[in-house]
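Chains here go by letter, A, B, C, D and E, matching the order in which they are written, and residues are numbered from 1 within each.
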Amino acid sequence: GSSNGSGGSSAEGGTQAAAESDWEDVSAKGEMTIGMTLFAPMNYYDENNNFVGFDTELAQAVGEKLGIDINFVEINWDSKEIELNSKNIDCIWNGMCSTAERQETMTLSAPYLYNTQAMVMKADREDEIMSSVDGLTVTAEKGSTGEGKLQGTIADDDTVEVSAMEYFANSNYVASDSMAKALMEVKAGTADVALVDSVAAYGMVGPDTDYSDMVINVDNNFGLQEYVIGFRKGSDLEQHVSDAIDELYADGTVAQLAEKYNLSDLLIENDAQAATEAPEAATGDTAAEAATAAAE
Amino acid sequence: MLGANPIESLTSGFLLNLELFAVTLLLALPLGLIITFCSMSRFKPLKWITKVFIWVIRGTPLMLQLFVVLYAPGLLFGIPMSSRFTAAVIAFVINYAAYFSEIYRGGIESISVGQYEAGKVLGMTRSQIFFKVVLLQVVKRIVPPMSNEIITLTKDTALARVIGIGEIIMSAERFTKMGLIWPLFSTALYFLVFVGVLSLLFGWVEKKMDYFRV
Amino acid sequence: MAILEVNNLKKNFGNLEVLKGIDFSLEKGESLAMIGASGSGKTTLLRCLNFLERPTSGQIRVNEKVVFDGADARTLSEAEIRKNRLHFGLVFQSFNLFPQYTVLKNCTLAKELMAKERPDFKTNKKQILDEIKTEGEAVLASVGLQEKMDYYPHQLSGGQQQRVAIARALMLQPDILCFDEPTSALDPELTGEVLKVIRGLADKKTTMVIVTHEMQFARDVSDKVLFLDKGMVAEYGSPEQVFEHPKEERTRQFLERYFEQ
Amino acid sequence: MLGANPIESLTSGFLLNLELFAVTLLLALPLGLIITFCSMSRFKPLKWITKVFIWVIRGTPLMLQLFVVLYAPGLLFGIPMSSRFTAAVIAFVINYAAYFSEIYRGGIESISVGQYEAGKVLGMTRSQIFFKVVLLQVVKRIVPPMSNEIITLTKDTALARVIGIGEIIMSAERFTKMGLIWPLFSTALYFLVFVGVLSLLFGWVEKKMDYFRV
Amino acid sequence: MAILEVNNLKKNFGNLEVLKGIDFSLEKGESLAMIGASGSGKTTLLRCLNFLERPTSGQIRVNEKVVFDGADARTLSEAEIRKNRLHFGLVFQSFNLFPQYTVLKNCTLAKELMAKERPDFKTNKKQILDEIKTEGEAVLASVGLQEKMDYYPHQLSGGQQQRVAIARALMLQPDILCFDEPTSALDPELTGEVLKVIRGLADKKTTMVIVTHEMQFARDVSDKVLFLDKGMVAEYGSPEQVFEHPKEERTRQFLERYFEQ
């Protein structure tokens, strides 16, 4: 089903992709290509230069269940949709938030982790900035959830306590090339505050880094997002991956991984249980606190 | 901004490219001349500092220079860049002034010493010789390499996106995110048309100066 | 009364002594042909007279006035040089016309620039420029190029270009007009027209110094011949003297090479 | 938290730049020559097609060309590029071959017709004239513009990051994400050193060919 | 027996008729001086003889053998032309030496390339190349340049370069050696040495066609003089005939211009 309303060649590409079976392609090749960017704790290299991370290990476990190899490729995050459509990758699995737009343009898996938006700023200006952001410059990665929230292209849902668009209504917005650049902007002073994924932020800002003079503030609950896996629109691959994930939930692997990466509090239970448990977990306060706890 | 017509959005993105293009030219053309004079100076230290400066600028990617100009003031001195467009302009102007200066130098050095001497024996002053005799001949000589460089500048303006200038390719990528792919590829047309116009313009200038031979 | 007197003029390039003490003088209205082997210093001497090279030592006097004195700092200043240079005109071997200007403008440019410094330029601008233009046309006519006035240098033959260069030099009415091998860059067929113009100037008693390899011409046109050998004046006298009865063996040898064909 | 040693990581990133640089040169140098022959062909349609091709390549940003090569096969024909390094190589080779071809053409056209005629009257064949008489003279003439272009290529390899080639600047950005800023700026040194080495090399080549004058 | 016969040779460039039917012949050992105004077609005629231009019609015979016939397709083929061209040698106005080769290599290159096509080249390689080298040295000695053998062209004076060009042409032992204004790109002082070499060739009875503006030289060295006017042979005869008693008014006018100085 191509309800994405895109025109021209992309529509044809989409239709074509859906017409064939991605699963057949992938199983024939014996390999699934996952597009990602490097960031802790989802996909990164550890001290020993091993490629690890929650998403990394979960994807590898899925690969084992499906009997296929997993091929991770580092992509330009700006190009992820076109990477999918041009079949250079089979899915995006990299702590990607579910948004209305992505629901339109991709087939998404069930959500597996919660995420929140965090404000990152210089520690010595935290009080000043938290008291008012009027007239200040806020940055976010272009195309990110943070940008969507700031610009109102991602509508606020009922998990939102503070509307980012209203909160930053009197601030100047600038887009950054990447999340890393967003933090660099704050460090360099070209922006006063960055609005970024809290999960990623905790992976970047810490005592041993050049950002040790910066703090992550999650006092404002700008809403709760869900991490999902993105597939080509209409792809049958989603079903197979989701089935494998269900099994991994069932045998406890998912919980173990969440434990390992300190993400247990953000973990979304899988479909059957989620039906009853998710709404409870999804109250903003707990999730935001959980995010803080998870990273510390 | 979303929901805007892609053509409108691309066009307004390209206007940013053009603005960067124009401001860079306006400032780099004279700055390049100053750098040329420094690099040809008889005062050795100035000459060498200029040569090293040109070497560093020509030896590193413009992309990095953009990062340095935008971030270094804040990182090193705690004085952040006030605007990223300014940062882009500074990086582009420095980069292109270095390239232009080498072209100018080549042009000036290619003028035969006989032209200067002819001016001298006719009692002209140094500045009369430069402005009345040499300048136009230099201009004629540098038009071809300058047109190449200026056409490269057109395309390089797309690099400004790495510091978040919402130029045409960045504008196009917003549509890519919405699943609309053609805007990205159609940016090529904007560049082709503009480069085409520039080529015609430079061809016309070259023709204008065909009335004499150097 | 000598219009030009050169005393003990020396010029070194680093360790290379190119002019080793040149002495000669020239009367008003005379033309001097300077001959000598390649590398003997003819061009260097002309360039010294025109202040394109600064002599190492010696004196140059024009009309009894010292225009260069190696021992006098005043005559070495930039401004003095610019003024004194105007006593001389120089026609280059390679013409060095200004390619971007028409033939007429080539001739008038320098004079126009000088006129701009006159106090009355602002008020009489049009008249002054018209006068200069008329003058330019006249001088071009005198070299037979009135019809090429609005051409650009590259549209002319070499001989025509050289004639423009002569006209350009004449415009400033120099006391002494110098030529450095004015026909050596020309096709043989085109040298005639240039030599004819120079001969015309000689007939009009223009004071000239002409470096040339055209021995026949040197003989016909000059009042004095100077044979330069290794930076020294080896022979100096009337054409008859130098060509028919050279005092020096080396002069004889040099001349032989030209007349043997 | 930090993984590999930044120096190691930058170095292995730069090896990718160098690999791309080397493969591009290896393929674009001969391809450029073929394009030159096409653009100088007496068969008009071939000549014009080649000219248009060169115009399009020179008229659009390399960045866009990278996107097109990587994505167009998958988008248009459903056959994705097998490797993004291959895609980068294809885009770079096409782009640089177009530029090289124009330099070659300039070099070939600058050889005086007298050299060809001298070969002819001595009874040489066309290929003997090309290889024994003209070639080295062309090489001597194109060394300066080619060195410029090749130095530009060095810096352009950094552009490959836009299609996710983990070259040095992309490697450096991994550290930026982990909160380590200096690696990004120190990439400049890699470029400067390599460009310095290239400049010396080209200087040496120019000197080697100074024994004759064209 | 005429070594060279040219019959009714015509050459058009587009609508411009440059050669309008040239007829002349040359005996073995004779040297022909070709004179005429600029644009009269002298260079074009030489280029036709050397197959650098394809004549529009007419015939060229060397040793009674037709090497070019406008009506015979065989003599027009690329391969035939390459073969027939070797009957002629050509020394250019602008030398056209190969700048990247030494003086010796300039002379031997063509012969070496030809030797490579010989069947016994592989086996006798060293001997053959040595022979060619010895030959090259000999021919360079004959133009007085044995000492400059290992120099590169740009290290020589113009006169020396032109002598190398002559040696290079001689290496292939052409039946007829052609010169196109061999001294017009030279400083006057340097023309002597080149003319001396050509005179030496004439003394050795080399068959030559020489386009020149050096009338004195043409008169001294040639056995026949051909005056070309507007693409036609206006006068053809011995030097005495043409220079002393020209039949045509236009020849007289042309010659006057040269001897008037």
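Miscellaneous remarks
Definition applied: contacts are C-beta pairs under 8 Å (C-beta built on N, C-alpha and C of every residue); 3 or more make two chains touch, one makes a residue touch a chain.
These numbers were taken from a predicted model, which means no experiment stands behind them.
In terms of the stated touch criterion, the partners common to chain A and chain B are D, listed by label.
At the far end from chain E, in terms of centres built from Cα atoms, lies A. Each chain gets one centre point, the mean of its Cα atoms, and the points for chain C and chain D are 53 Å apart. Centroids built from CA atoms put chain E at 45 Å from chain D. In this assembly, the C-alpha centroid of chain C lies 39 Å from the C-alpha centroid of chain E.
Mean C-alpha position of chain B lies 21 Å from that of chain D. Multi-chain contact residues of chain E (touching two or more other chains) are absent. For chain A, residues touching at least two other chains, in rising order: 9-10, 13, 79, 82, 85, 181, 184, 187. Shown for chain D are the residues that touch two or more other chains, namely 67, 71-72, 75, 181.
Across the complex, chain E meets chain D through its residues 50-52, 82-83, 85-86, 88-90, 92, 94, 96-101, 109-110, 113-114, 152-154, 168-169, 172. By the touch criterion given at the top, residues 1-2, 70-75, 78-81, 84, 87, 161-164, 166, 170, 173-174, 176-182, 184 of chain B touch chain A in their complex. Across the interface of their complex, chain D is touched by residues 55-56, 58-64, 67-68, 72, 75, 151, 155-156, 158-159, 169, 181, 184-185, 187-188, 191-192, 195-196 of chain B.
Of all the residues in chain D, the ones that touch chain E in their complex are 112, 114-115, 117-125, 128, 132-133, 136-137, 140, 211-214.
Contact residues of chain A toward chain D in the complex are 9-10, 13, 16-17, 20, 38-40, 44-49, 73-76, 79, 82-83, 85-88, 178-181, 183-184, 187, 203-206, 208-212.
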